[in-house]
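Dropping a structure here in structure tokens format, bear with me for questions.
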Amino acid sequence: MRFDEAYSGNVFIKSHPNFEESEAVIYGMPMDWTVSYRPGSRFGPARIREVSIGLEEYSPYLDRELEEVKYFDAGDIPLPFGNAQRSLEIIEDFVDKILAADKFPLGIGGEHLVSWPVIKAVYKKYPDLAVIHMDAHTDLREHYEGEPLSHATPIRKVAELIGPTNVFSFGIRSGMKEEFEWAKENGMYIAKFEVLEPLKEVLPKLAGRPVYVTIDIDVLDPAHAPGTGTVDAGGITSKELLAAIHEIAKSDVRVVGADLVEVAPIYDHSEQTANTASKLIREMILGWVQKRNA
Amino acid sequence: MRFDEAYSGNVFIKSHPNFEESEAVIYGMPMDWTVSYRPGSRFGPARIREVSIGLEEYSPYLDRELEEVKYFDAGDIPLPFGNAQRSLEIIEDFVDKILAADKFPLGIGGEHLVSWPVIKAVYKKYPDLAVIHMDAHTDLREHYEGEPLSHATPIRKVAELIGPTNVFSFGIRSGMKEEFEWAKENGMYIAKFEVLEPLKEVLPKLAGRPVYVTIDIDVLDPAHAPGTGTVDAGGITSKELLAAIHEIAKSDVRVVGADLVEVAPIYDHSEQTANTASKLIREMILGWVQKRNA
Amino acid sequence: MRFDEAYSGNVFIKSHPNFEESEAVIYGMPMDWTVSYRPGSRFGPARIREVSIGLEEYSPYLDRELEEVKYFDAGDIPLPFGNAQRSLEIIEDFVDKILAADKFPLGIGGEHLVSWPVIKAVYKKYPDLAVIHMDAHTDLREHYEGEPLSHATPIRKVAELIGPTNVFSFGIRSGMKEEFEWAKENGMYIAKFEVLEPLKEVLPKLAGRPVYVTIDIDVLDPAHAPGTGTVDAGGITSKELLAAIHEIAKSDVRVVGADLVEVAPIYDHSEQTANTASKLIREMILGWVQKRNA
Amino acid sequence: MRFDEAYSGNVFIKSHPNFEESEAVIYGMPMDWTVSYRPGSRFGPARIREVSIGLEEYSPYLDRELEEVKYFDAGDIPLPFGNAQRSLEIIEDFVDKILAADKFPLGIGGEHLVSWPVIKAVYKKYPDLAVIHMDAHTDLREHYEGEPLSHATPIRKVAELIGPTNVFSFGIRSGMKEEFEWAKENGMYIAKFEVLEPLKEVLPKLAGRPVYVTIDIDVLDPAHAPGTGTVDAGGITSKELLAAIHEIAKSDVRVVGADLVEVAPIYDHSEQTANTASKLIREMILGWVQKRNA
Amino acid sequence: MRFDEAYSGNVFIKSHPNFEESEAVIYGMPMDWTVSYRPGSRFGPARIREVSIGLEEYSPYLDRELEEVKYFDAGDIPLPFGNAQRSLEIIEDFVDKILAADKFPLGIGGEHLVSWPVIKAVYKKYPDLAVIHMDAHTDLREHYEGEPLSHATPIRKVAELIGPTNVFSFGIRSGMKEEFEWAKENGMYIAKFEVLEPLKEVLPKLAGRPVYVTIDIDVLDPAHAPGTGTVDAGGITSKELLAAIHEIAKSDVRVVGADLVEVAPIYDHSEQTANTASKLIREMILGWVQKRNA
Amino acid sequence: MRFDEAYSGNVFIKSHPNFEESEAVIYGMPMDWTVSYRPGSRFGPARIREVSIGLEEYSPYLDRELEEVKYFDAGDIPLPFGNAQRSLEIIEDFVDKILAADKFPLGIGGEHLVSWPVIKAVYKKYPDLAVIHMDAHTDLREHYEGEPLSHATPIRKVAELIGPTNVFSFGIRSGMKEEFEWAKENGMYIAKFEVLEPLKEVLPKLAGRPVYVTIDIDVLDPAHAPGTGTVDAGGITSKELLAAIHEIAKSDVRVVGADLVEVAPIYDHSEQTANTASKLIREMILGWVQKRNA
């Protein structure tokens, strides 16, 4: 108990105070220790919660209000600093519990590697799982400087676990030549540069399937998300990313979990990236949570 | 007298030194005391003037130069700090004088509530007035936390004064469900998300009518205007907003006054928002001032 | 319950997970709505918690470690936005409960007005209370623009409640002439400009008495605390403020509660002010909490 | 010698350590002394090199890798501070040497005036030269405040040297009326506001000709390049500029030299502009260097 | 007239609206075109006025209030961009008029070169003039890169005009060897590193003499004034600079004019330098203006 | 070869172009991969070089000029990203070569761990070595999260190598209790909080001995060095640190090598920390290099 139910502390706006009664659980994964270029995403979840106070509770896109969905904000998962292996175990264990309680896991990163244990947990529950991945980067390296647990490897590990043909990447504009080749050889779907149009083509093929969606904020152009470690020119706009979220919401896939990762406040001087992230999360809550049982 | 006519101080670039000879009057309304999320727009007018020194005087869009229009910069209206009611009275009184002198009022905010007394004054002179409103937010609340004079209410008050069917909002992507419903029930026009295309449809219907245009800088996407209190992802580009200004310029409406509000320098780390605002004002001067007598 | 005691979320470093077992309670008061110049301190408590992760747990000044003191972090008190009167009532009620449970209240602002309801609550328990006040500003106005509940009035209200001769201000370098005169006429102690030396003179006179200490971060020079609303040149260094905390710690006064207010993250570009605040709070915990029963 | 070939210092990522073996030479021109509005581009080349460490070495746009091209990074040319005339002579002399060694000159500014001596040198080698110019500004003034060597004049000087009909400007949205008129009267091509579509029309006409490409980063919208001296709303996106580079790469022109100018780090708070510039340079290397002998 | 006396625009707080009735005149000199390292001080005067709204009107140091002194704010002198020679003539002419009207000139820079024409004008009126100069830099070069009108030369020119023995520099910690030697050889006083103690020694020797005081904000340590072009470690604190101003105020010299130069807002991320400058100006007004007739 | 000796690229101001003829060698160690709180110092050396252009070449403190000392800037040592063990080997090998050539090694970090291999190399040459260490932190952990190669361990490793009684730490204000105890038990000298006075006591005892000096920029107060990973309130001023450098310069110790570490540009918004660092390095060059043979 946080002293008194009436005092809720730093949580995402309109979070429900009670875990049991909630349909979804928001949780932060404040880890960035395998990042190679510019770290800082460990502070992303806290900042996104902070600025969520500026959000309207109603979505004119989806014509729904936050009070129509009950979601609990579990705070940041305490992770052992600098220990990637143990951190990932703790995350997987945490998500196991959320899924055991039949709730929708909605994670906030942290670096992209955090998605790996989450998807492992989700896959145990949904063996027919497909993954939709929006990102500037392939994240398909087998290892990075010899290290298989790296911010550059999570999608590779996911693809190896659930099968490359069940992974669909969108907006990719950066990666090693080998990564693109591996994807091609293994039948993994990669939409280079674009998100919305290829997504419209892919979604019908996934109708009825359980889908996990992982969004790296750097799929946005640096103009729209300067507050991230690896900015990469030539990305999509926030308007397009919102449209992609809505496209999934109105499709026939069953979204069974999702995350948004890589917001790094230190590079986000006007907090525009954190504000955008909090709006994206609102739309994910309103558009996706009920889709689990679609 | 400012000591000597030769020394003009901090004014918008190419301002005319003489009030009587001017067609238009630029004035700042440095008020932000009813803002709920992130204040700071009280310093907007001064910053916009400062950076206007970087502007070219010619518009390749309109093929006109600033020296073709005489406009006087009256500085910031001194407003009693923290007193919204009295501030609004002073603004209304100030604009009454500008209109009595038959000049075009071109205001710079400050929070959006400052548009309310300006439009009251303009409406007294032009009872057939229509209002074009570009914004991320509806601003249609009846009151905010019980307070009818709030940054969240000005368009509601305008709609109640001049009639909801005479108000046309564009680019709206944020608001309470009740606000959208109120607009719908009362016949007020709202173009969600988009500006340019719906504007092209509306303008012909307003041909010949006196129109006041109020632009909240947050109609732009945060990528294009990080320097504002409430950034909201999914907005339009500065290129689209420029096109909207030009669309009005070449239409058959009679623009009789205008404002640009909510630039907040503290969040504008490269002064890009202030620079954009100063360019928008140049285009408003060159495109709209002469339209009063169209 | 926060889902599972093992997951603690955004709390001050080394906080104890259990309220009942704790000696002290940290709580945020995220309010800044009566601020006149540059608001933003509503986000102070959350940022201070965030950066506390960078602290060492040991104080070489006091030769004590955080694990020697049990303190619970209750998060931010949810305050009704824009309603000062109701916010103050909620704060007072909250602190009443902490005191009823016989715990040390350690508050984080927010604007300085939040200290007023806290001290009201503390005074009810300790009628012999003295207040030590470190600040750049007198905060002794009777009202500000006609409003008695303002960031400029809390110490005046405190002085009127517990008697001006029981209030001791240090480091003051800004205020109206009338405020200094009122203090002088009413026997209230004000040490202009300096903190440490006058504090050494005052502390012996307060030996054995219950004392509440309120620190406005702007008592520091802007060089040491740029991240605050009203920066005022000519202040003390962080080294001097640390020494003042330690001077109180080794004195014979009984510290029965304390707060640190006015950290505003938006002006704190390197987070140096928040980092300094988190270190000051560590020293307050280690130096003062046990002094309640001195 | 830099002490030991193994230690390369601050160079653009994957630069080849040996000048003689390289096809292209990268060099900085750290000059901004004729800038009128906001200086700072003298520090651009160093910052772009710094952030190039974050680049992937593979371009998914062009399906090429940096190791396929040998380029030497010669560092910044030491320029005599404040002496424009002498600086330009040094630059010209430097580029003469690069061209004499039959290497591709790839310059990084610095203010736009640095392109003038480079193009002079290139023109000596390629008398049939055409220039493609992407910029927000015409840069066609005859002189600026009486000074012919100014950041506002380089394209005019180029046009006068190689003939106005051999200069093709794209994306222009700012300039004096006289500049646009001069271009029109003299048969110089200017595509206002847009880059990609007009470029597609122009390129076929230049097939087989040697072309120098000069890109002012402010051709990008301020959202995409806040880190420059003169931000000007209404520009193109980084996605469009990348597409323009690729359009040239796949055309039949022979690119014989290029530059990217006006990145100013002091206004580039998240280093997004420098990161974008480094990606643009990667694409220029991969897409253009081999085209010299096309 | 600025439309109506009631509307005063951007002026230093509590400025008197009427020139004739004022004892002192504040004026901005927005020039930075001879600066060698980091320009930007041209925007200093405007920013200092903006933030002056946050000042208390009472000085607890001097026990005086701003309403006890009448000063007029003449705005920024319009200077021909990039033309140092003509700018200096305009400034001198402007100050001639202020002095002819028997008012105290209180200038705000701009780069330090602006002090040169001001002192020329003051010297014409007070042939017995002494100059007190507080700065990190000697500013004693005979020329800079061959240019005698440079930010590095003003004190040399002053010393040559009024005689080196009439110039007293304090806080100097940077300069060429030749500059220190020239001063020594010519009997000019330089207090290296320190301000307050040497000032106490010098002031009695100047008793009764007319003195002009020029303060370069970089005499402060970068911790106290990051917002300036050439930050130089090892400076004095704002507390010491305030004490120096007060020391002059209580001395027997006759201050007949003063300036504060080199505040550059672009490097002043929390506006702490501008806020400090506005406080320094308040103390100069309260402490020095009446001393003209001492 | 860098193409032509005349073009020197990004080097510390006034560096000598020839390695062999130089007395000292400046080199960057761009590594920050074991940092726990806020990384970013990998970009420190490049930024310090960049801003060194703003330095005067003369020191009024030491009355010497940079041209009196020949030093070569070798650029940044290329380090294998993320591999601490190999990076340290490369650094040690690099410094071995400098020492073999009988030159003074002057390193710029990077995180503090880089000092460890440097001191190992220096100790091989000078078995009688003493180390002077100025820092906010003890850096005496045996391991950090099980890792002996960490930013928290270098001084421990040094102490174990050369003997704890040969290590002298100054300015320490942060660390674990166990670290202070270990130092005490092993006879290592630690001056808590202060630098200058204890240094004056220690230096005479080291007369004639070879001394390596390692300075962590965070020994400065955050007011003086915001641009570092772990800011810690209560530090010394830049004036005091300059005085400490000069105290060593005039002592009888033989300085045989030195470094300055932990400048992190991303937190250094006005570049004040980098500017201060470049001035410190100038004083180290002028004051210490010749002392090697003292």
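Chains: A, B, C, D, E and F, in written order; residue numbering restarts at 1 for each.
Methods note: contacts are C-beta pairs under 8 Å (C-beta built on N, C-alpha and C of every residue); 3 or more make two chains touch, one makes a residue touch a chain.
This one's a predicted model, so the numbers in the text were calculated from it and none came from an experiment.
These two copies of the sequence, subunit B and subunit D, are related by a rotation of 120 degrees on CA atoms, to the nearest 5.
With every chain reduced to the mean of its CA atoms, the largest distance from subunit E is reached by A. Put simply, the C-alpha centre of subunit B and that of subunit F have 55 angstrom between them.
Each chain gets a centre from the mean of its Cα atoms; for subunit C and subunit E, those two points are 38 Å apart.
In subunit D, the residues that touch at least two other chains are 38, 221, 223-224, 267, 269. Within the complex, the subunit D residues that touch subunit B are 37-38, 137, 172-177, 180, 192-193, 221-224, 226-227, 230-235, 267-269. Across the complex, subunit A meets subunit B through its residues 53-54, 56-58, 60-61, 63, 65, 221, 223-224, 237-239, 241-242, 269-272, 275-276, 279-280. Here subunit D touches subunit F in the complex through residues 1-4, 6-10, 19, 25, 27-28, 43, 46-47, 49-50, 72, 74-78, 94, 97, 269, going by the rule given at the top.
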